[in-house]
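Next, two complexes with subunit A in common: one pairs it with subunit B, the other with subunit C.
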Partner chain A sequence: MLKIENLNAGYHELHVIKDVSLELKRGSISVLMGPNGAGKSTLLKSIFSITDIFSGEVLFEGEKITGLPAHTLLQKGVAFVSQGRVNFGMLSVMDNLMLGAHHVADKKEVKKRLEKVYDQFPILRERQKEYAFSLSGGQQQMLAIGRALMSEPKLLLMDEPSLGLAPKLVKELFATIVDIRERFQTTILIVEHNLKSLMEFADYGYVLVQGEVVAEDECRNLKKSDIMQKVFVGTFD
Partner chain B sequence: MIQVKDIKKRFGGVEAIKGSHFVIPEKSITALIGPNGAGKTTLFDIITGFITPDQGNIFFEGHDITKKHPFEIANMGVSRTFQQVRLFKYLTLLEHLRMVEDNEDIKIIRNLWKREKVDRRQYEDILEKFGIERDLDALASELSYGQRKLLDLAMAVRKPHKILLLDEPVAGVNAVVQERIEDLLLKMKEEGETILLIDHDMRFVRKLADYVIALDAGVVLVEGTPEKVLADKRVLEAYLGE
Partner chain C sequence: MIFNQLLINGIIAGSIYALVASGFTLIYSATRFIHFAHGAIAAAGAYLVYTFFVLLGLNFYLASFLAVLSTALVGLFFFAIIYRPLQKRKSSNAIMLIAGLGLMILIENLLLLIFGADVKSLNFLEVARGKEIFGAIITPLQMVIVAISVLLLIFLQFFVKKTKFGKKMLAVADNPELADTTGINAKVIQYAGFGIGSALAGVAGILIGLEQNIEPVMGVMLIVKGFTGAIIGGVTSLPGAILGSYLLGLSENFGIWYLPSGYKDAIAFGLLLIFLLVKPNGILGINKGVRE
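Take a look at the complex of A and B:
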């Protein structure tokens, strides 16, 4: 459903992503892993066209989407949850969610989606009239994910959703992500550091080092692979 | 220099630190590693007085600082950075550097306003040393993420201190900035700095650290040289599962 072919991308003259090719299966949960500065977030952002793309293609359901503006991508069914639980703090929880479906004209449809998100995250229904800034860290992450879900994405990109959450919440979050896949019928690509918990839930993993994919496999195989262990103990050249 | 003795800390039902015990040696770089939720940042917060432990003590140069306030600990010479860089959006780079150069709180304000007497050259040298290619009068809000991270580090170093605590100094920065930070830290070590840092990047840890303490689920799993700790199976299991 998503195919990346020989992608080279970065920021101005800084070349971060080097000739990356990968293909995501529909309905899968895949993880991008690797040390700091490997280009994990940059790759995610490149799919969402918020980096400079030097060459290569991104194909979504067979259609070329390379470099299309973010709002067009959202309409096509790609949503991005950025790092750091970014919400509009001075807007209510509900208004934050509504922004995720601003491109949908049919009010009934928007209402239906809102209910679906509230069913996924009941605490957001309870606190729908409160300011987003007043939510706890975990709830703010739910809100950021909920806003992305309002666009009913076919592909959901998430950049370190567990960052700064307590260990108990992290496990809950990953279980929620699996639940989201079922309920929203979406394909998910996640950048994460928190691999121990996530690899229990995810299907497939890609290891990035200095902008290149150095290993990919099903998570259960990847965990045991030599190359993965080398990357993690810092002896991979 | 810093001794962490039998520290325990519980948040509601979660036991974040379960009796941690270690010593940070002087004039060297010690790395605190461990998966998310291992308790690394909680330990930083306990050492710097942001969190009071339920049990145990923190000694800094032989003094018990367990119950001291963050500003008192900072004034004694413990300088730290946070995972998320927090700068004053509408203050300039010069103002940021001036703000931290005394440990007496009253001087912070005085330093901020006595601009006319400032020898700009020495501050420009700091920006150059840290690779921040911006004018001293630029606002912090104009900086890129990497530049903010560098300014944050420059401020922690500029503050009079005896030990530096750095929470993920290279997280989220590109390879160029990472290399610059590595060089700066190695140079500081040569100059006799004592540094305690948290990081996930084992290549970075291997390159910089003299001593590594691996935490998992609030306890010290193993400690020693980077070679010893990173070769220990338990460390890899803590990160990737069994």
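Take a look at the complex of A and C:
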């Protein structure tokens, strides 16, 4: 469903992503891992065209989306949850969610999606009238994910969703992500540091080192390989 | 009753400042830069209504409508040819500010070139005897000014808070990067914000033109007062900008109860300095805290 072919990308003159190719299967949860500065977030942002792309292509459902402005990608079914649980702090929880479906004209449809997100995260329904900045860290992350889900994305990109969450919440979050895949019938690509716990939940993993994919396999195989030892121990750093 | 008279004078001044300040805030929220030529755009609005009404002899209401519309277009034009290219080059705020100052001088001199240095007046309404309300004197024109301002400000508040488009505007103001990844086309929002903000400046220009003389440099005073009102109230908050503007109008007018009337501007600048030093976020510009 998403195919990246020989992608080279970065920021201005800085070449971060080097010749990366990967392909996501529909309905899979894939994880992109690697040491600090490997270019994980940059790769994710390149899919969403927030970086400078030098060469290569990104195909979404067979259609070339390389370099399309971010606001058109949402309409094609790609949603992005950025790092650090970012929300519109001065807007209400409900307004935050509604903005996730701002391109949908059908009010009934929006309402339906809102209910679906509230069913997934009941605490957001309870606090729908409150300012987003008043939520706790975990709730803010739910809101950020909820807003992305409002667009009913076919592909959900998440940049370090566990960042700064308590260990117990991290486990819950990953279980939620699996649940989201079932309920919302979506394909998910996650950039994560929190490898150990995520490996239990994800299907497929890519290891990115210095902008290149050095290993990729199903997570259960990857768990056993030496390359993961290196990532865990941090020899790459 | 001197108190009531000063109160009414303060409200009249505040209404005009609020129109300028809310347009200024709208533009700042959508674009994140200080549009210093906003007052000059209001001056252009006054000259445009003068052109349509006095020079071309159109019906006043039609002339006003055309003036507001063309003021919006003038604003959009300068946004497109000056600010947008600078934004694309990722120019710093200081550069945007200087560009705004330059634009202000350019517009002032264009007005001077086209219309000349002598003051113009609209003479739409005959100078009417003021009505006495609670011992204060207010002319029908002044009542119209206050009524139009208040109606527009209520409408604007409704537009921003209740419509989908307004919410997108708030979202861009709140977090431009996130708005982008949420799929909100910031460019459309910026143009809309600039257009609506400039239209409001046009209304302010017309209302001032009705009460006072029109002159090329009138924009300086307007932007200084509008800017001060916006800072006092909180520059990213629309209700804040409105509140701040009325507060400014009232302080200026009550200030001259004790001070000579020449100190009006000094009171405004004094307030601006105090707020910049003590509460730069303004009254309603909440310091948002992110709970960890």
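By definition in this document, the second predicted complex is superposed on the first by the 231 of 237 C-alpha atoms of A that agree within 3 Å, B and C clash if a C-alpha of one lies under 4 Å from a C-alpha of the other, contacts with A are read in each partner's own complex, and residues count from 1 in each chain.
The rule is short, and it goes like this: a residue touches a chain if its C-beta (ideal position, glycine included) is under 8 Å from a C-beta of that chain, and two chains touch if they have at least 3 such contacts.
Computed from a prediction, not measured in an experiment: that's the story for all the values here.
K.L.:
Would you mind checking whether subunit B and subunit C clash or fit side by side on subunit A after the superposition?
P.N.:
Verdict on subunit A: subunit B and subunit C fit.
K.L.:
Does the superposition put A:L195 against subunit B (first), subunit C (second), both, or neither?
P.N.:
After superposing on A, A:L195 lies in contact with subunit B but is clear of subunit C.
K.L.:
In the superposed arrangement, which partner chain does A:P167 touch: subunit B (first), subunit C (second), both, or neither?
P.N.:
Once the two structures are laid over each other on A, A:P167 reaches subunit B alone.
K.L.:
Quick one: classify A:S41 as touching subunit B (first), subunit C (second), both or neither.
P.N.:
first
K.L.:
If you stack the two complexes on chain A, which partner ends up touching A:Q229: first (subunit B), second (subunit C), both, or neither?
P.N.:
The answer is first: A:Q229 touches subunit B but not subunit C.
K.L.:
Give one of first, second, both or neither to describe whether A:F80 is in contact with subunit B, with subunit C, with both, or with none.
P.N.:
A:F80: touches subunit C, not subunit B.
K.L.:
In the overlay, answer first, second, both or neither for which of subunit B and subunit C A:M90 touches.
P.N.:
In the superposition, A:M90 contacts subunit C only.
K.L.:
Could you read off the angle at the CA centre of subunit A, spanning the centres of subunit B and subunit C, to the nearest 10°?
P.N.:
Angle at the centre of subunit A: 80 degrees.
K.L.:
Please give the least Cα distance, whole angstrom, that subunit B and subunit C reach in the superposed model.
P.N.:
So the smallest C-alpha to C-alpha spacing between these two chains is 8 Å.
K.L.:
Please write out, lowest number first, the residues of subunit A touched by both subunit B and subunit C across the two complexes.
P.N.:
164
K.L.:
Show me the residue ranges of subunit A that touch subunit B in the complex, using the header's touch definition.
P.N.:
11, 14, 16, 35-37, 41, 83-84, 162, 164, 166-168, 170, 193-196, 199-200, 210, 223, 228-229, 232-236
K.L.:
Contact residues on subunit A for subunit C in the complex?
P.N.:
Residue list for subunit A touching subunit C: 48, 50, 69-75, 80, 82, 86-91, 95, 98-100, 102-103, 133-137, 140, 147, 151, 164.
K.L.:
What residues of subunit B sit close enough to touch subunit A in their complex?
P.N.:
Interface residues on the subunit B side: 11, 14, 35-37, 83-84, 170-176, 178, 199-207, 217, 230-231, 235-236, 238-241.
K.L.:
Show which residues of subunit C lie in contact with subunit A when the two form their complex.
P.N.:
By the definition above, subunit C touches subunit A via 164, 167-168, 170-171, 174-175, 177-186, 286, 288-292.
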